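Encoded as structure tokens, the structure appears first; notes follow it.
Chain lettering (A, B, C and D) follows the sequence in which the chains are written, and residue indices restart at 1 in each chain.
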Amino acid sequence: MKIELEIDGRLRKLDLHPQDNGSYTVELDGRSFAVDAHLLRPGILSLLIEGRAFRCVLEHGPAEPAIHLETTRIIYRIEDPRSLKSRRAHLGAADGPRPIKAPMPGRVVRLLAAAGDQVEANQGILVIEAMKMQNELKAPKAGRVSGLRVAPGDTVSAGDVLAVIE
Amino acid sequence: MKIELEIDGRLRKLDLHPQDNGSYTVELDGRSFAVDAHLLRPGILSLLIEGRAFRCVLEHGPAEPAIHLETTRIIYRIEDPRSLKSRRAHLGAADGPRPIKAPMPGRVVRLLAAAGDQVEANQGILVIEAMKMQNELKAPKAGRVSGLRVAPGDTVSAGDVLAVIE
Amino acid sequence: MKRIFRKILIANRGEIALRLIRGCRELGLTTVAVYSDADRAALHVLEADEAIRLGPAPAAESYLRGDLILEIARSTGADAIHPGYGFLSENADFAEACERSGIKFIGPPSAAMRMLGSKTRARQAADAAGMPRTPGSVQGLASLAEAHEVAAGIGYPVMLKAAAGGGGKGMRAVSSESELASAFASARSEAERAFGSGEVYLEKLIERPRHIEIQILADEHGNCVSLGERECSVQRRHQKVIEEAPSAAVSADLRRRMGEAAVRLAKSAGYTNAGTVEFLLDSEENFYFLEVNTRLQVEHPVTELVTGLDLVHLQLRIAQGEPLPFAQDDITLRGHAIECRVYAEDPDNGFFPSPGRITRLLQPGGPGIREDCGVYEGWTVPLDYDPMLSKLIAYAPTRAMAIARLERALGEYVIGGIRTNLGLFRRILADADFRAARIDTGYLDRLLAQQHPPPPAAHEDAPAIAAAIFEHSTSRVSAASAAPSPQVSNWKTAARREGLRS
Amino acid sequence: MKRIFRKILIANRGEIALRLIRGCRELGLTTVAVYSDADRAALHVLEADEAIRLGPAPAAESYLRGDLILEIARSTGADAIHPGYGFLSENADFAEACERSGIKFIGPPSAAMRMLGSKTRARQAADAAGMPRTPGSVQGLASLAEAHEVAAGIGYPVMLKAAAGGGGKGMRAVSSESELASAFASARSEAERAFGSGEVYLEKLIERPRHIEIQILADEHGNCVSLGERECSVQRRHQKVIEEAPSAAVSADLRRRMGEAAVRLAKSAGYTNAGTVEFLLDSEENFYFLEVNTRLQVEHPVTELVTGLDLVHLQLRIAQGEPLPFAQDDITLRGHAIECRVYAEDPDNGFFPSPGRITRLLQPGGPGIREDCGVYEGWTVPLDYDPMLSKLIAYAPTRAMAIARLERALGEYVIGGIRTNLGLFRRILADADFRAARIDTGYLDRLLAQQHPPPPAAHEDAPAIAAAIFEHSTSRVSAASAAPSPQVSNWKTAARREGLRS
């Protein structure tokens, strides 16, 4: 089974050859590993790679999937090898308009910029309140504010696009 | 929804009338309760009955289902109201032949009785070993040993009928 | 007066409500939980003996409704109310309403709360008790002119603080005269907004102070003891993040002197039950009275671990009119304890709160680890309250071993579905200054201002291999659905795929 | 000799393997786990840094394969082997093989193990060290005639014991001369079968003794200290069930005298590292040497909690050649700790073992609770090893509060899918004799012989209502499968129904 994924900012190509009893031969970027894998529960994997032991915990939340491995949390994204479109869309989006999304549900407290304003990167655009704290959302790049769709007092959900910097 | 169940040795008849937000009116043996129920996870229920709070944990193992409630574990059995057969079979089995079942997987170590022997209630019939311990299986009632199907050295699974006392 | 409690109403939520339920149960007391609509599925509702709905999610309509809580105490036959921390715990009016209705408020008398609850009045009490405090005013500043006068008298830099303050609100550091006017105006209006009182006062700013606080216990028979100090210098925006006991900066002699000062203040105010006297400590071992917290603190477990005592049990016994079961000389400290406040917030993204559903929870255990946790796998952290999920506390013979033990426990800990500050603790615990106990109240903000490299990868390829195998096991399971096992359900498979693709 | 460890091989499984991994990690040491085929999915494999397969499930083909384990230690570059308890931990041949191969065995020298491992040789050593023991033989009985002679000399009742014994095997109480011949024959043959040696000896039977044991620590520089006693009188068929520290029956003076005797014996044997000297204590406060366990004990956590020390860290430091970091006078006991050994067995059905899949695991937490657990929700307890799942330990200022805390924690604890002895602990902790510490090694068997009423129902109707609502929510979910949520899967629904109907 061939799998292509983007992990920790890198594209990796793997080929899994299942053997007996949960062991695999893995080809990864041209190298070959013997791997022993055992799923303890859905989402919790005991992985032995050449004698080294890893506890790998799959996180499936509202955002991208992630692997918790020792003290790190690593986001990944499975690529469909037959479709290059999504990958291009994902990797090539640095220059276009950038949205400001609500990172969590909350209420809009203040607007710090107006539609049409020219702003610097990291300039505060609006403030939302959640869990008794006020949090400033900043411009991801320099540009012009557009599509500012909320007003003070509005309730927003995680992932809502609140404004776009063009 | 009408439910009939056998619990803690009693037959109980309930009628659940779901209200809003997880609350129910429960009719039980002619009385009526207001109950607020919230499933935290599958099998874990927070139950409020007239202000009293209960943590109810459903156990579904190889044997009958059970409820863990505070410090007790209570076995139950849902009865199908349209079928009296299973209930009769279940409640009326005291006098007939009684099986001796393996309570856990293990290996037979010794036979203490032979097929055809007349035995007392609680007399040892055979010994099986599991988890480094030897455990004597006893006659559930006085009677004649029949169907002794195992020999020393045999491996047995939980629930296997090893002998019958007639 | 000797009282016998049978039933206690817990006027709180989250980890502290659960901790109080446990403490009550261990003393044979039954508990009444109260909950808002956001908390119907919370652990404290699950674990209490009784549970009564308060109202909608906002605290003002639920956990702050003292009238409703007193009514529930009456109707359920509760003998006493434990307020925990936050919410009504320092509300003298509520304490007084309890006193009037004959239901014991587990905490000090309302009169002592009023005397010590206002920072300006507490500063006056400190003067009367002869304890050191920062130079500055002991009453609210009537005008900007008065502020200028006081600041000139003690010299810049100075701090403006709200008399009713807490959590850093209404607080401004002022480094020179030119900044005073605007700081005075903004501190007043912020205090007015936050506390309904614009009273502010002014004190000398102590440079790079440590935050050291003394735990006291006082019974209703005139006995009062101190249980040593906690160091809470690791703060972000005036919010404690890590607390420990004892402090590496406090010698036995300093501990004795600070403890005596705290006890003197408590006695002068007619204080009873548990309380905390907060101090700033400068680099010359001078300590300055800061404020009194007239309640159980979030960080009380570190004191419990080094003293071997249970503060909640003692609160309950004191409130029943029992004398303290020990004298000052019986208190000995042993070992070292460190607490991490685990929050639903994202340190990699400006510490934004991160409410939502906890899809995975693997908790640490074993020797020397205590966790006071208020959540479970499947719980949805609500928007409406503070984002604390849990307190992870390590105890060991020495500070170095307590750090090592916390690092070990953090390595076992996984919270999935929401972001948390677990990674921040790993960073702090690995920092050379923290390990050497070179900390002050500005320490964490300085650390966070530094660039920090991401933690080293455990293995270059393991994450990619794990992701691929999760994906492979998912597709294998789908194909083999003819033989379902409790381990891998078809539905879960679908859920995992959705997770992977989203 | 000073050694520096970097990597430790853990030659064990279950909770103790996990506890050792944690101890190593806290000292910055990496760990190598070994596992049998039955344990591929075990926690110790998941949590170690490295993991190597040993062989098939039977212990003789895996955890008892000293040759294989040494080979793995060599090939992984481990500096030392920690044997835990059981398996190879008291195997002097294995310790000697480690010594020869230059890999440190974390425990005493093989010579000390040989001297103290045989009960008859240990009795000779006790005599040489001038410590009290039960009257009787100090060598194996050559014949029945010699047995008659010794028994007549000390008077009936007497005990026959296997020199290589443990766990009650090869042990017979003999109340009169007429029983001796058959008891002698059966003890010999049982000892031969169990240990490969039929050597038995004979000692005076102490009536209703308490089992009291002293923990010692000895370094390689001639220092040896005792860390107080543990009381392990609550036993079933000579297997410990509940252990506590300190013992309610041991005064400070008795503790000092028993500790001194234990240290004297250890020093005379050239003992190093952790060890336990077991005694019987009669009702007149006379103590009698029983045997030495030349390893870490299952019940070491209660000593850790009352001394504030970490025995695994100290074992590792001693094995690296470090001197003990404290002297006898530095050891103080504080508070009370009680441990429950949680087993997969069915107390309501003759204590039959209950291996199988753990379908539900809710673990207690909060103040004063430590759990050293070796299992997880979803783990299948294998047939092949002893049935211990976990150790639940409570610490509190007093024995009464430690009992109350354990009761609270047991109320939070749920293990589903297999049967456990959690209910037995609730029964013991509620028993008036246990609460008054009126216990001896026959206490639990007497308690179990009594009829006992089932625990009172929490609520007459709640269980039936809960069962009905579980059933109702199941059918509702099936109907509403158009909107699946992570909480309730269709597959789970099916599984629950099967459970309900089976």
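We take it that a contact is a pair of C-beta atoms (placed from the backbone, for glycine too) under 8 Å apart; a residue touches a chain by one contact, two chains touch by 3 or more.
Not measured: the values here are computed from a predicted model.
Enquirer: Roughly how many whole angstrom separate the Cα centroids of subunit B and subunit C?
Expert: Taking the average C-alpha coordinate of subunit B and of subunit C, the gap between them is 47 Å.
Enquirer: So, what's the distance in Å between the C-alpha centres of subunit D and subunit C?
Expert: Averaging C-alpha atoms per chain gives centres 38 Å apart.
Enquirer: Where in subunit D do residues touch two or more other chains at once?
Expert: Those would be 47, 357, 359, 378, 411, 487, 489, 492, 495.
Enquirer: List, in ascending order, every residue of subunit A touching at least 2 other chains.
Expert: Where subunit A meets two or more other chains at a single residue, that happens at 41, 52.
Enquirer: Assign the assembly's chain-to-chain touch graph to one of these shapes: line, ring, star, complete, other.
Expert: other
Enquirer: Going by the touch definition at the top, which pairs of chains touch each other?
Expert: Chains touch in the following pairs: A-C, A-D, B-C, B-D, C-D.
Enquirer: Where on subunit A is subunit C touching in the complex?
Expert: 1, 3, 5, 7-8, 12, 14, 16, 18, 24, 26, 28, 33, 35, 37, 39, 41-45, 47, 49, 52, 54, 56-74, 76, 78, 103-106, 130-133, 135-136, 138, 158
Enquirer: Please name which positions on subunit C make contact with subunit D in the complex.
Expert: So the residues of subunit C touching subunit D come out as 18-19, 22-23, 25-28, 47, 301, 304, 308-310, 312-313, 332, 334-335, 357, 359, 363, 365-373, 378, 396-397, 401, 404-405, 407-408, 411-412, 484, 486-487, 489-492, 494-495.
Enquirer: Under the touch definition given earlier, write down the residues of subunit D that touch subunit B in their complex.
Expert: Residues 344, 346, 349-357, 359-360, 362, 383-387, 410-411, 414, 416-418, 423, 426, 454-455, 457-459, 461-473, 475-476, 487-489, 492, 495-496, 498-502.
Enquirer: In their shared complex, at which residues does subunit B touch subunit C?
Expert: My answer: residues 22, 36, 38, 40-41, 46, 48, 51-53, 55.
Enquirer: So in the complex, the part of subunit D that touches subunit A is made up of which residues?
Expert: Where subunit D meets subunit A, its residues are 33, 40-41, 45-52, 76, 376-379.
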